[in-house]
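Next come the structures, one after another.
One chain, subunit A, links the two complexes that follow: it is found with subunit B in the first and with subunit C in the second.
On to the complex of A and B.
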């Protein structure tokens, strides 16, 4: 069980909440760059940490992210005209630039300086990789931009998608640091998915259903090691880095691109799952890229024009009981991402952790909750900058490796678990 | 043979014979002491063997480990100065007469 007050503390991220304040110390993905593809294009609604915002790209190519509602009478600026370096509210013509500054109130007398005193709340919006990142905190504490490897390798080597998940961010993150479920929920995909198959690790995954977890603290989060039996005298280790607050990487399989996620709270009952795949040293092949677009690997097939998965809670995730019986899909739901989403959404929008019954393979989850809790307390009580804010903390990799029984995984893989430009991932 | 005394929320005392090497959890589970479940079997993951030690036994009962510390912070209804997970307190001859309070059901 988790104490109810701690469940609230960790799951609520709106303005003024302790966890919301913590999230407001990080650069967070606000949109995919593809959502604002051209100057003067359509503005896009963005809800993040329970704040309703509008994003747009102006005539000069500058990105803006500001309060969704016109200061005049609260009209949504989603209806605005994006023209001549600003968003113009279609109700009475008030116009704002990318900083939220009101530039014109055309109905006012010519001598009026009224608009100079009107400014919408706004946040920075910066493209790094395929993602537009924002920072919702105090401008004085704004950290340097993210340095995750997947947004810094050449464009040909990386791919990012996103999907809407109808649950709180924390139960989604907890799935990402729980290697144990892979041997069950995703077992049907390990040898068939084009972005997973052909790895020796898959056999270890399926052969040992009782992984032992060893968790190591890092400056930015945790390394979560899941150990399974391999050949005699050896263990297969899958090492998942978690960087606070919500970045994780899945340990690699064979020479497939490496994938991971960033979970971003929309509000307390919904989150965006940003999902990336990249290869540190080679371009993604056309086949790999089209498999990702089609929702293979850890990506999802979304309803065209939206980021909602085709298989969602309104259609019972297209449950296929026959495929469940055939063991084609262990749960009957197709696709790794939707297998996770379906079960995590089924827990309810915010799972009641006072009722859960944790077991030995939940060590990573316990450690992550405690690290989050301690960071929130240190921030609230003493203003301590949380782990994962410093971009140096972003320079991690996941690892999969076979080691002799007597070798400690953290010591053996210290280099493999850091970003090494030009060096491939360590994988089995 | 060391004895462990479990005091339930109403004040009722149950005295149990333990073997050296038992833990406060295993001795309780074997003797059916109510309120101590030991669901995970002593793997420090469920916190269903939480007890409050009587203060005079705290120094004799060993250090609180890292994982135990996390679970006492997160997973028990009321952590006190003397809180321990029963599975992490190994009974020795020195601890004969060890008395613990079993918290009320959450």
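On to the complex of A and C.
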């Protein structure tokens, strides 16, 4: 349960809002690199933290991200011509470079310096891994680029997709740090999905529906350990890292690639879900890539040419009651990503947390909200840089492991939960 | 034959306008919460939290930590209600649905085991907040771990208030 004002504090991320200011201290995914595949290609509309922007790649291969609308009459530059190192508005020919600087105003005299005083708001756009990242905050406070492992392994070892989720970012994130729903909602997929099946952990997951949790504070966020019974005298641990504000990793299964998410607010009622899979020490196989593209694992099958899932709220997520009865899909919805999205969107655009009835096992969610709120207050009152900005905080891994009963998971897995280049993930 | 999809019904059911028409009745508080400090420092944290306006929560200190290890029946563990004086653990767990134990060192490890066991036998969910980390709380953690459905390590003092608030205690 949250008071209404705290719910608003945590869910509103537009310009000038406290949480919006917090988000503006981080590098955030703005779009996939595949969306700007070539120089002078089509510009792409981007909405992030409620700001409407246009992204493009100019003749020289430079990336730009700036105000979507022409300074002249407010036309969307999505209609612009991308030519000769700039975007030219088709209405009256005003032209801008990747920094938003106006280069030409054709109606002005040739010797005029009018355009020198016209500049659209712009932000940096940098390719790291398969993602184009942006930083929407004060340039003076711009942090170093992200160092998440999935964007730094060789290209052959990583794959990233994205999907539009029609809900506030926070209820989507909270699903990512809630390990107990896996034994129910995703139970139908654990032994059949090509990116999940074959793990001994699946049996532990399905054999113990009442996990115990340990929530551990870290400099960048939390580690949430979910403990289930394994063989005599042993527990099966699934350890989920959360790095503020919205990065999580799913504990691995067997030698399958490791996956995770970054949730990025589009506005207060929509978010992008960036979903990655990578393997720390080997290339992804053709079969694994095909499965990811087809929407298996934690990815989604999207409407071609868009990032909207094929199964979405306009078609009731292609609910299949017969598959529900057969326990093929526990909820009747196919695919892990859409199983999550369907339930999180069903809560409403911004879930009313004054009406929820949490239980003790929701402590991970309770603690995450508390850390977010404290970080917002510390930033607002004292200018304290929030957790997760420091790239050192990005060097985490999820872990799945079987440990004796008397072993504390954080002490036993301290190395496993850190990035170790050239060393495989710790997995069951 | 595939059943027809009721087109768009979810979309209609999840708009902001729709949410105004949802059933809006008071939500019952959790039935009863018991909060127990297991050592001197944690009792202070529990006492501070007790000043908030709770609905059903009661707050205790466990003073007999030295004798706890020798108790044959965990229900006989003595607690001190911060408002009402001495109590027997077994009597205070009637009708309870969650017990939160708070530890800052190993002094209350044996008591934690007794409380955990007593709650476990009654089907009461148990949570543990450990105000510290490393070897100074290893014993408390080891005692809490078999019973506590959730452990927060290391916890901050205000985590207790936030947890109880979220639980509607």
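Definition applied: the second predicted complex is superposed on the first by the 428 of 428 C-alpha atoms of A that agree within 3 Å, B and C clash if a C-alpha of one lies under 4 Å from a C-alpha of the other, contacts with A are read in each partner's own complex, and residues count from 1 in each chain.
Assume contacts are C-beta pairs under 8 Å (C-beta built on N, C-alpha and C of every residue); 3 or more make two chains touch, one makes a residue touch a chain.
Since this is a predicted model, take the numbers as computed values, not measurements.
Visitor: Which term applies to subunit B and subunit C once both are placed on subunit A by superposition, clash or fit?
Guide: Pair status: clash.
Visitor: First (subunit B), second (subunit C), both or neither: which does A:357 touch?
Guide: both
Visitor: Could you look at A:326 and tell me whether it touches subunit B, subunit C, both or neither (first, second, both, neither)?
Guide: neither
Visitor: By the touch definition at the top of the document, which applies to A:293: first (subunit B), second (subunit C), both, or neither?
Guide: So A:293 meets neither subunit B nor subunit C here.
Visitor: Who touches more of subunit A, subunit B or subunit C?
Guide: The larger set of subunit A residues in touch belongs to C.
Visitor: Which holds for A:370: it touches subunit B only (first), subunit C only (second), both, or neither?
Guide: In the superposed model, A:370 contacts both subunit B and subunit C.
Visitor: After lining up the shared chain so the two structures overlap, which partner does A:315 touch, if you call subunit B first and subunit C second: first, second, both or neither?
Guide: Second partner only, subunit C.
Visitor: Tell me which partner A:282 touches in the superposition: subunit B (first), subunit C (second), both or neither.
Guide: After superposition on chain A, A:282 lies in contact with neither partner.
Visitor: Identify the partner contact of A:406: answer first if only subunit B is touched, second if only subunit C is, both if each is, neither if none is.
Guide: The second partner, subunit C, only.
Visitor: Tell me which of 27-35, 63-71 or 135-143 in subunit C produces the clash with subunit B after alignment on chain A.
Guide: It is 27-35; the other listed stretches have no clashes.
Visitor: Which subunit A residues contact subunit B in one complex and subunit C in the other?
Guide: Common interface on subunit A, subunit B vs subunit C: 1-2, 357-360, 362-363, 366-367, 370.
Visitor: Show me the residue ranges of subunit A that touch subunit B in the complex, using the header's touch definition.
Guide: My answer: residues 1-3, 6, 354, 357-360, 362-363, 366-367, 369-370, 373.
Visitor: Within the complex, which stretch of subunit C touches subunit A?
Guide: Within the complex, subunit C contacts subunit A at residues 2-3, 5-11, 13-16, 18-19, 27, 98, 100, 125-127, 138, 141-142, 145-146, 148-156, 158-159, 162-163, 165-168.
Visitor: Using the touch definition up top, name the residues of subunit A that touch subunit C in the complex.
Guide: 1-2, 166, 210, 212-217, 269, 313-322, 342, 345-350, 352, 355, 357-364, 366-367, 370, 405-406, 408, 410
Visitor: Can you tell me which positions in subunit B touch subunit A when the two form their complex?
Guide: 39-40, 43, 45-47, 67, 70-71, 73-77, 106
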